[in-house]
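You will see subunit A twice below: alongside subunit B first, and alongside subunit C after that.
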Partner chain A sequence: MALILVKYGTDHSVEQLKIKSAKAEDKIVLIQNGVYWALKDLETPAKVYAIKDDFLARGYSEEDAKVNLISYSEFIDLLESEEKFIG
Partner chain B sequence: MKIGIQVMVPPYTYEDLDTAMKIAEAALEKGHEVTLFLFADSVICTNKNIKPLRIDRNIPQKLIEMSKKGKFEVHICGICMDYRGITPNMIIEGSKPSGLPELANLIATCDRFISLMA
Partner chain C sequence: MKKLLFVAYQSPVGSIWVNEAFRTAFGMYGEDLEPSVLLIEEASVALSKNTKPERLGLLPLSICHKYIKNYGTKVYAVKQHLEKYRVKELDENFGAEIIDESNLSEFLHSFDYVIFM
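Then we have the complex of A and B:
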């Protein structure tokens, strides 16, 4: 089980690899420009979340997101629940 | 829980320091302990002479306020400071020059380590 942080946009090869290699028991959190991934239908078995503040800051509304939007407080809860962290 | 956060990019140009501070604030509110380790150009944010426009966020001031509340430490890579001409008398209250041995110790002792490296 790992918490995977994605901070770059959809054209970033390393982020593509991180999302592609995530497993069902993993969790992916989209932050900064990584929230652009939240506009796509992601092909991953992992649970995907996006930081709400960063998503709204880029001019989108909550209905535009195809993943769960979370606060920083909820991010800390995820951080507590996962032992491994991949930044 | 002890959380370590590492940043390397400069403030205001990139978003990593803003992200690190928001994560740290949320963690502190939940009673966790946070150490922010500043590496490479991120050390610039500890220069107390930084004066952003009044409408913008003041990152050094925010770090001072967070460290005053306790359970929050700012460690600055000493070699990175030297490279950028930042002397100990220039850095904000609540921060301290540190180094790679301290970073290694932080990684070994913290419960979660968040790397916001490039």
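Then we have the complex of A and C:
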């Protein structure tokens, strides 16, 4: 239903609020420092993705990610497929 | 008409984002869009009668009041965040509607675009 963009790390209260607000039909994309959330087991009914380049650039390997990793072009496809945006 | 929500979360003292959120919202009226503003976390103190960024040489929050009235811009705040930052006397010029944190998810999803700034 909505695409939710998370760009700050796990200590950021606003990003906690966004993730908490997500519904099952939503898609969450972790971008920039938001990829640190990909190291955690997120409690959300929404589908969660992280930008692969942003994740690997911070010294992690694909195996470290607990969410699906996507490219920037796949992120654009997700953006276009959702009618609503929260970010 | 698409509904936009600008969410300010930074203090109006030490940053200019509350005023920026309102300025951006007012600019939307020329684009056939319906903007609203939500103040959360530290930005909640913008609603206090006693908050005066101008004491530090920053823009006063009162510059928004006339436009809020003219455009009928809806302003929202979260009850629990007002309590967290001990906002006691609300400035009525904002005409803010107070929502409960438990309704925040539904509230955010009622807009087409939600921009945190």
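Operating definition for what follows: the second predicted complex is superposed on the first by the 87 of 87 C-alpha atoms of A that agree within 3 Å, B and C clash if a C-alpha of one lies under 4 Å from a C-alpha of the other, contacts with A are read in each partner's own complex, and residues count from 1 in each chain.
By our rule, a contact is a pair of C-beta atoms (placed from the backbone, for glycine too) under 8 Å apart; a residue touches a chain by one contact, two chains touch by 3 or more.
Since the model is a prediction, treat every value here as computed from it, not as a measurement.
*Asks:* Return first, second, both or neither, reflecting whether A:Ile31 touches subunit B, subunit C, both chains, or no partner chain.
*Replies:* first
*Asks:* Scan A:Ser13 for contacts with subunit B and subunit C and give back first, second, both or neither.
*Replies:* Second partner only.
*Asks:* Now for A:Phe85: first (subunit B), second (subunit C), both, or neither, which partner does it touch?
*Replies:* In the superposition, A:Phe85 touches subunit B and subunit C alike.
*Asks:* Could you tell me if A:Asp41 is touching subunit B, subunit C, both of them or neither one (first, second, both, neither)?
*Replies:* After superposing on A, A:Asp41 lies clear of both subunit B and subunit C.
*Asks:* If you stack the two complexes on chain A, which partner ends up touching A:Ala2: first (subunit B), second (subunit C), both, or neither?
*Replies:* A:Ala2 sits against subunit C, while subunit B stays out of touch.
*Asks:* In the overlay, answer first, second, both or neither for which of subunit B and subunit C A:Glu63 touches.
*Replies:* In the superposition, A:Glu63 contacts neither subunit B nor subunit C.
*Asks:* According to the stated criteria, A:Lys23 is in contact with first (subunit B), second (subunit C), both, or neither; which is it?
*Replies:* second
*Asks:* Output the subunit A positions appearing in both contact lists, the one against subunit B and the one against subunit C.
*Replies:* Common to the two interfaces on subunit A: residues 85, 87.
*Asks:* Residues of subunit C touching subunit A in their complex?
*Replies:* Its residues touching subunit A are 7, 9, 40-41, 104-105, 108-109, 111-116.
*Asks:* Per the contact definition, I'd like the list of subunit A residues that touch subunit C in the complex.
*Replies:* Counting only subunit A, the residues touching subunit C are 1-2, 13-14, 17-18, 20-23, 83-87.
*Asks:* List the residues on subunit A that touch subunit B in their complex, please.
*Replies:* Touch residues, subunit A against subunit B: 5, 7, 31-32, 53, 71-73, 75-76, 79-80, 85, 87.
*Asks:* For subunit B, which residues are in contact with subunit A within the complex?
*Replies:* 1, 3, 15-16, 19, 22-23, 25-27, 29-30, 32, 112-117
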